[in-house]
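Heads up, the next two complexes both have subunit A, just with different partners, subunit B and then subunit C.
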Partner chain A sequence: MNKRRPYVRPMDGWWRKNPYFVEYMIHEATALFVAAYAAVLLIGLLRLAQGEAAWTAWLATLQGGWAILFHLLALVAISYHTYTWFKIMPRTMPPVIVGGKKLAGWVITAGGLAAAAAASLALLALVWGMAR
Partner chain B sequence: MKRPLKRSNAPIFWALFGAGGMLSALFGPMLVFITGLAIPLGLLLPADTLSYSRVLAFVQHWIGKGFVFAVIALFLWHAAHRIFHSLHDIGIHAGVGAKLLCYGLALVGTVIAGYTLLAIGF
Partner chain C sequence: MAEQPKTIEIEVLRYHPEKDKTPHTQVFEVPFTDDMSVLQGVQYIKDYLDGSLSFRWSCRMAICGSCGMMINGIPSLSCQTFLRDYYPARVRVEALAHFPIERDLVIGMEGFIEKLESIQPYIIPKEPRTPAQGEYLQTPEQLAKYEQFSSCINCLLCYAACPQFGLNPGFIGPAATALLHRYNVDSRDGAQAERMELINSEEGVFNCTAVGYCSEVCPKHVDPANAVNQNKTNSAADYFLRFLSPKGGAK
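For the complex of A and B:
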């Protein structure tokens, strides 16, 4: 018996044809760096639990060339995640009504980015203060 | 069809995705900068910022414990959800196996982080 072979439009690389989807795939791909960085921290936590020698060795591996390169890429990727997270937030959160009017999208984005900047500075100040 | 609607588990995963996305958006870049660049390269922060005794004391405090747990666990759940849903976009049929693998890895990481933090003590 013949198998019916309907035409299936090939979907390989569909997202490369439209800049909107290229951006979408890039911002989805930032998750790979979020996962990898969480894994780095998890290994650090395990090394910490193993004692001082293991912890110091882990800190030394962070100074290696590949580790620095990875963290540079992760910094770019996760910063981009921050930007896109707040850029699409007007569409991912329920509408906010202020004074009977819907809050404009750019206000939500700007507010989110300002919160991220404040959180980053607070974290840096906290670490700096604890280290002194 | 008179069957009662099946409850979906999607909201749980979506909530974890959202919480992790928010936490990584707020603190992710600075965390990467501090632990991955500033301290290894000796920029800006004192070289002994992450000394064993200091980090141990931080992680033994319940606030530090909670922060480290939230960062590791929620970052993992965020990434697992996003990667799982992107499999379809790159032409991989994401079935039960892929779901178990993505969320399972996040769960394993969460359990290891929680267990280690408790083992380190207070």
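For the complex of A and C:
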């Protein structure tokens, strides 16, 4: 008789078992903030199309305490998402060959983060300029 | 003066298929010196404390790939992990995660062997060649394309690091995909189309959600996550390009 009886361990709570998986789950969860913020901007566009009164009402809503709290939360979540996104990026793309050598992973990560920071600053400067 | 012997506690997940319904832990007091690996720790247990403890090992120099275990929850080669790094705390040893436990620290690896077979891990030449035609020539650039992916020692740490494999054992997984990629990007090989069918299948690369831990634990810097993710792009290209081919994707 076959004495084999392989035991399969359950997967419940797998993501709590390793800090790396926790980071992964937070990364995935912060994507919801990215989606939520896209929705906020889309609603803004919709209100703009509805005329001046709707648009000013929308702007006023954004200045409320809850809206500001949401913005702060979204900023933190989206920053974290950006950071972990570029951290994994070297693993997800084909090798970049520069001068016959493979570009190191950290260079790609640093390049991505620098581009994200530059884009954010440029946008901030643009909006700041327009608002004044 | 001789070094005072130190003692460390090793907690082992035991499972005996004929006696146990479920695995249970057992703690052993193991005297150790600073040059002792975790593998040597469990070997001490087998030699002096409990001869029934089962585990795999061979080279004890990080090249055969048979001694993988979860050490404090991290997939590791036990011959390359040292007891001194855990002392004075207890060290926890368990069979590689996500695989069925055959007995104690021994996992069942048939599933992986089948996958390995399915990727045809050998060069399938583009056209038949006779020895008279001479050897294949390959440039350093052509070698560089696959060299890293050929370093895999089949230790399976990457599978123990992959929750998607844990949730769906059918997923072809990191190492098999890395090896598949190794042959697909070899300039001498001509079987890309056949292997792409596996990449594109239900068991293929789209099970991967880019957790990336597989590459983190790989002792040979194969970066299997990179092979998997490069093949997501290849698979997408394969899908769209077939509409452009004269046969319209028909076999």
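Here is the rule we use: the second predicted complex is superposed on the first by the 121 of 132 C-alpha atoms of A that agree within 3 Å, B and C clash if a C-alpha of one lies under 4 Å from a C-alpha of the other, contacts with A are read in each partner's own complex, and residues count from 1 in each chain.
Keep in mind that, in the parts below, a contact is a pair of C-beta atoms (placed from the backbone, for glycine too) under 8 Å apart; a residue touches a chain by one contact, two chains touch by 3 or more.
Just so it is clear, the model here is predicted, and its values are computed rather than measured.
Visitor: Output check: A:L75 vs subunit B and subunit C. Expected answer is one of first, second, both, neither. What do you get?
Guide: A:L75 contacts subunit B only, not subunit C.
Visitor: If we overlay the two complexes on their shared chain A, which of subunit B and subunit C does A:L42 touch? Say first, second, both or neither.
Guide: It touches subunit B, and subunit C stays clear.
Visitor: Using the touch criterion from the header, give the chain among subunit B and subunit C with more contacted residues in subunit A.
Guide: Of the two chains, more subunit A residues are contacted by B.
Visitor: Please work out whether A:K102 is in contact with subunit B alone, subunit C alone, both, or neither, and reply first, second, both or neither.
Guide: So A:K102 only meets subunit C here.
Visitor: Touch check for A:I88: first (subunit B), second (subunit C), both, or neither?
Guide: second
Visitor: Kindly classify A:M11 by the partners it touches after superposition: subunit B alone (first), subunit C alone (second), both, or neither?
Guide: Both: A:M11 reaches subunit B and subunit C.
Visitor: Contacts for A:K3 in the overlay, against subunit B (first) and subunit C (second): which applies, first, second, both or neither?
Guide: In the superposition, A:K3 contacts subunit C only.
Visitor: So in the superposed three-chain picture, is A:W55 touching just subunit B, just subunit C, both, or none of them (first/second/both/neither)?
Guide: A:W55: touches subunit B, not subunit C.
Visitor: Please write out, lowest number first, the residues of subunit A touched by both subunit B and subunit C across the two complexes.
Guide: Common interface on subunit A, subunit B vs subunit C: 11, 15, 28, 92.
Visitor: Any idea which subunit C residues touch subunit A in the complex?
Guide: 15, 17-18, 22-23, 73-74, 97-98, 100-102, 108, 141, 144, 163, 166-167, 209-213, 215-216, 223, 225-226, 229-230, 233
Visitor: Using the touch definition up top, name the residues of subunit A that touch subunit B in the complex.
Guide: Residues of subunit A touching subunit B: 11-12, 15, 25, 28-29, 31-32, 34-35, 37-42, 44-46, 48-49, 52, 55-56, 59, 62-63, 67-68, 70-72, 74-75, 78-79, 81-82, 85-86, 92, 112, 115-116, 119-120, 123-124, 127-128, 130-132.
Visitor: Within their complex, state which residues of subunit A touch subunit C.
Guide: For subunit A paired with subunit C, touching residues are 3-9, 11, 14-15, 17-18, 20-21, 24, 28, 88, 90-95, 100, 102.
Visitor: Of all residues in subunit B, which touch subunit A in the complex?
Guide: 18, 20-22, 24-37, 39-41, 44-46, 48-50, 52, 54-56, 58-59, 68, 71-72, 75-76, 78-80, 82-83, 85-86, 89, 91, 109, 112-113, 116-117, 119-120
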